[in-house]
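As written, the chain order gives the labels A, B, C and D, with residue 1 at the start of each chain.
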Amino acid sequence: MRQRLRELGFSIGHLPTGRYNAITDVPGVRVGHTTLIEGDGPLVVGEGPVRTGVTAVLPHDDIFHNRVIAGSFVLNGAGEVSGLTQVAEWGLLETPILLTNTLAVGKVSDAAVKWMTRHFPGIGTDYDVIIPLVGECDDSWLNDTVGRHVRSEHVYRAIEQASDGPVREGSVGAGTGLVTCDFKSGIGTSSRRVTLGQNDAVRTHTLGVLVQSNFGVMRSLRIDGVPVGELLDPAMTANRRLKNAGSIIVIVATDAPLLSSQLVRLCKRAALGIGRVGSFAAHGSGEIIVGFSTANKVPRLGTQSSRDFTMTTSIEVLLDEACDGLYEAIVECTEEAIINSLCMADQMTGPAGHVAPALPLDRLAPILRRARDATDTARI
Amino acid sequence: MRQRLRELGFSIGHLPTGRYNAITDVPGVRVGHTTLIEGDGPLVVGEGPVRTGVTAVLPHDDIFHNRVIAGSFVLNGAGEVSGLTQVAEWGLLETPILLTNTLAVGKVSDAAVKWMTRHFPGIGTDYDVIIPLVGECDDSWLNDTVGRHVRSEHVYRAIEQASDGPVREGSVGAGTGLVTCDFKSGIGTSSRRVTLGQNDAVRTHTLGVLVQSNFGVMRSLRIDGVPVGELLDPAMTANRRLKNAGSIIVIVATDAPLLSSQLVRLCKRAALGIGRVGSFAAHGSGEIIVGFSTANKVPRLGTQSSRDFTMTTSIEVLLDEACDGLYEAIVECTEEAIINSLCMADQMTGPAGHVAPALPLDRLAPILRRARDATDTARI
Amino acid sequence: MRQRLRELGFSIGHLPTGRYNAITDVPGVRVGHTTLIEGDGPLVVGEGPVRTGVTAVLPHDDIFHNRVIAGSFVLNGAGEVSGLTQVAEWGLLETPILLTNTLAVGKVSDAAVKWMTRHFPGIGTDYDVIIPLVGECDDSWLNDTVGRHVRSEHVYRAIEQASDGPVREGSVGAGTGLVTCDFKSGIGTSSRRVTLGQNDAVRTHTLGVLVQSNFGVMRSLRIDGVPVGELLDPAMTANRRLKNAGSIIVIVATDAPLLSSQLVRLCKRAALGIGRVGSFAAHGSGEIIVGFSTANKVPRLGTQSSRDFTMTTSIEVLLDEACDGLYEAIVECTEEAIINSLCMADQMTGPAGHVAPALPLDRLAPILRRARDATDTARI
Amino acid sequence: MRQRLRELGFSIGHLPTGRYNAITDVPGVRVGHTTLIEGDGPLVVGEGPVRTGVTAVLPHDDIFHNRVIAGSFVLNGAGEVSGLTQVAEWGLLETPILLTNTLAVGKVSDAAVKWMTRHFPGIGTDYDVIIPLVGECDDSWLNDTVGRHVRSEHVYRAIEQASDGPVREGSVGAGTGLVTCDFKSGIGTSSRRVTLGQNDAVRTHTLGVLVQSNFGVMRSLRIDGVPVGELLDPAMTANRRLKNAGSIIVIVATDAPLLSSQLVRLCKRAALGIGRVGSFAAHGSGEIIVGFSTANKVPRLGTQSSRDFTMTTSIEVLLDEACDGLYEAIVECTEEAIINSLCMADQMTGPAGHVAPALPLDRLAPILRRARDATDTARI
């Protein structure tokens, strides 16, 4: 049975988690998965085996009319989050964020457009058109990617069944066919509660991270600094071809009132969390981070009203000097979310005898325990 | 009858054009359009009227196996060229460039993936997956954009019928439903021959630009510095609602041997050409420039061969000090391509009585002639 | 006698100017110059001739304790504004902006540090250290740059004598030894009043630009679209060696309440104004734009109080949808400020017989008049 | 007695070091320090105590005439490397790199200009002017920074006494007054040998890193993943005020033939090495990385020859697909260089009783040993 890192008795960092230790701990945020697992045996393009899916992250109920402030950072751009250019320019998110496999980005973007135009009448007439945000990882080692099994209904379902509360992790949704550090991984999540200020000025904010994790090689895997990848049996991963490729998409949510430029800075720090797991951001690995704050909603203006709107708005902003706690939180969350994506994923067999083994928790626990004991001894 | 700017007897700048004054003057570059014009009358979503299409720009015959060096610049990111993140990171272009309407980006990207996986077997198995480059402008004022009339076959056709030689301009392909400075526009192109060095070290290179032009308001339109927009009858454009939105995608090709970082610098200068036509890069206008050089091909490496390939390559590079001629050329080309997109587009009626008038060439020619006469008089 | 463009009877664009048509029309902004002109004859390094200086732009009285929000854009980075990295990261300006010649940047930065530490006790102890903003253009064609004639007192004087009201232009301060489009130029300024909204929501803001202008070649000079550079006698500039080099630093001030990310977007549009004068941003030309908004002051936090400060602040922000008027204004202002830098500069002789002729206003006026007449005729 | 990490019996990563485990292992690279330590007792501005200096990194003997290709990355821009804008634009380094304290950047830049104009006649006449690269960290907790004790001679000496071979580390040169994770630090260095390819195509390159390290708090310090900072006695650092500020400048040298865009990507990975030591890139911490490759020299063009030079050049370039080894190397080097800066620095007393304790090696060694033992046990 798979267990999250904390269920195994370990954790990353010092800050307390939110209730579910998930991105959904940020009030309003919902996550939905459509998981596609079908067929076995050799690869027959168009037939399978299928190991892929769609994951939707919804910042709040009506992201179209009440946009949220957003920012992003590209650690290594060998990947795609379509729609990112507009997020970078306007600092706004106005659609759900969708994740899928690389060759399905177009189809998922198309489905998102269909879903948006049906649910928000007036796009393209009363309102400007929209550009959905769709990120990807390459699952072609375990999935018949070229067979293109993601359909529009899968996208609708991921959006419509999105819920708050606990988030399924591992081989679900857009994480179904992914591999991290040569082990089966997929979706992972984690959250932190950050208390800023003191005395009368105390405020507590939540920051949550969801990763679609698909990068790295076993040798470099570290968990909380422990060189786990060096200690596991290399034979476990002998089946996997050597690939430079890979990717990780990191979605960051917070209810701290941040500007777009502050979210960019926050997203940059997620890269440090990826690095702590052992990544050196390989040439072929697309490491892209997208963040949003739910604190200030930016109402959409109809094209008709463009001459009547109020010219200015007053917004609450967290001071940059107060952001360090969030920076610590995002490094911790990103690392723990990646580890959760590994801890929660079972072994999976794909086409052509490709096997992605599960991270062996029975081997992992004693390694982490021994390291903790050594640390505890030193502490005394 | 519509005529290009030079057919009217005018031109932009000093440098000589290539044979066709088109992006196809860069050897190997081909352009194809699929134009969709159907129906009339009021807007019925899903039925029409349809005024849209697809334009394909192919850097050379086998862009997949022999990638070209690429770069880009975003003047205002209120738009989308999906796939741009990877171009920015790797400095490589490995798919055709496709242009369409905003809400069709996903569908066109999906079709491009299908086309690529059929024509280049091994994607996702022997080779890494690919991320197509798909740019867009919003044609929803003249087109039933929400009705989503672009289909995969339209994409295939634009790619497969792409040819060298003269390029159709105005209301064709991805330019079918576009409006620039309140006049009907669409696709435009222009090229320049640039001679670098002197004496024994003379070299001549070609630079070509193709624009998908959809920005601005009549009042600010300038042609070769002449404030044409102020001199035309404002009544012409009374039918058009005031919109901040718009966009222009600029595709730049050259056979000068440029690195990715040099192409980024080159693309930045295209922005100055957009500015000369009167753009102030409105908040809602997505101004994105993508450029490539056909001089150095970068062979694709199969995943199997990843351990055997040669580690270094020797490439010819134009010195930065020699690039000024190309900078002048791109400013001239971008301006002239935009003007050509206006000069070559006929009046078009869209849904709901929306009418985009043609730029009135019979009014334009005397204005430009009078300005030239004033200049010529001053010259004496 | 030199005259500004409007004194000659011409102007750029449509928007009304502020009282002085100067950056000082933005309330609180002050400008000071120290002009160094000494000696004649051949270049003797360390002796002269001296044709250089320092210009100071002060956003308001106490920029150290009440920082202003700032942003920047680099069109071509072949130049330097030291301190720009921190402006880009924090979006704050906390020192005066100083301009000088390239080889004096270090000395001026050093003098600014001395001035700041004397006037604001506690830097480095109670407060963090500061990094002054110092921009430059290369005046080595007219000035004994290597002789290094700028001293700390010159910096102090420029700061301390800074005043509001009319701004001296042409061969003053950091503009003393500069050349634009082969004519003597230097400092220029211009401003616009921008009215946003309508009915009850009307607001008027001021935007001002000051340029240190030192770029381009005569052939490409345009004024309000008229190809003036082609119409003047090339013999005028025969004395000048061909140089790719040059630069322009653009300082932008506004009282519109903009965030840092909005100021970055605003600064980008200044590049379009540079382009309208004829620039193609030559390889060796450093085109850097720095902007600030005086609307929201950001108080400096002492290091002691770092645990007690309020965690959030409420700020007023102009909506992005309302920024188009400012975008038009900055394009107009940048162009007019550059032209003013030319119109207001007298001929100057530097070392080794180097002569930078003044833009011949008696030739210019009829050219512009003829172009205007042609336009007016077309208008009828 | 202080010892480098490897002298203590530990190391970071898997790759072999160069001969001296220093940036000077890259052939041609030299390092020089001028260390200023004078006075004791309370802070008297202008008198002392003085704990500062200058460090010079010279890419090769004649960086002016034969420039090297360079790139940079800013993890957090709360700091300054003046001259960086031009490096980013041109991808060239044409002066020595100098490091010092924040308030001395101007003075050091000025001295560098004096040194360059004396040693390379023709600057500003036969050749373009130059903009020196000067980075900084804030040493005001241990140094009378406001007293401004760095003089031009100190800069000349650092440049002229620069040598290859072993590099002094800890409290030397620009590292004299620095503190990392609440312990005395300063300059640190490390190098790696990277073997790329296999069989007949094997090549070995050297990559070296030098850091000026001044960031972080004890609690977050990690060495090779071991949470050392949690295990040391917090009382050790009780004397130090809590500061967000800090900084780290990372200089990267390699003889691998990299383009500027590749060096930018390489520099980005150094950020991951900073993160592994425990940094979350605090708001007030300036983390800036500058890298250069010595493989391709770019000759300087005189202004007279601007019309005669060869238009193109042929350069050898490492394929991006081959860069992963360098990415691993830079993460390892950056981490080890930071640790060396701590291991090699003795306790230092500054003004006002400020004491920066040395990292206690006698406590550190058993902690690292215990962690290694735990790992070794797990390995079996």
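FYI, a residue touches a chain if its C-beta (ideal position, glycine included) is under 8 Å from a C-beta of that chain, and two chains touch if they have at least 3 such contacts.
Computed from a predicted model, the values in this text were never measured in an experiment.
**Student:** Most remote chain relative to chain C, going by C-alpha centroids?
**Tutor:** Looking at centroid distances, A is the chain farthest away.
**Student:** So which one's got more C-beta contacts, A-D or A-C?
**Tutor:** A-D
**Student:** I'd like the Å distance between the centres of chain A and chain D, where a centre is the mean of that chain's Cα atoms.
**Tutor:** It comes to 33 Å between the two C-alpha centres.
**Student:** What is the distance in Å between the mean C-alpha positions of chain A and chain B?
**Tutor:** Centre separation, chain A to chain B: 34 Å.
**Student:** Taking each chain's centre as its mean C-alpha position, how far apart are chain A and chain C in Å?
**Tutor:** So the centre of chain A lies 44 Å away from the centre of chain C.
**Student:** Would you pick out the residues of chain A that each touch at least 2 other chains?
**Tutor:** 76, 89-90, 244, 265, 284, 306-307, 320-321
**Student:** Contact residues on chain B for chain C in the complex?
**Tutor:** 75-76, 220, 222, 224-227, 230-231, 244, 265, 268-269, 271-276, 279-284, 320-321, 323-324, 327-328, 330-331, 366-367, 370-371, 373-375, 377-379
**Student:** Would you pull the chain A residues touching chain B in the complex into a rising list?
**Tutor:** Residues 43, 74, 76-86, 88-90, 102-114, 117, 123-125, 128-132, 134, 136, 138, 140, 145-146, 148, 241-245, 284, 286, 288, 303-304, 306-307.
**Student:** Per the contact definition, I'd like the list of chain B residues that touch chain D in the complex.
**Tutor:** Residues 89-91, 196-199, 201, 203, 257, 259-261, 265, 301, 306-322.
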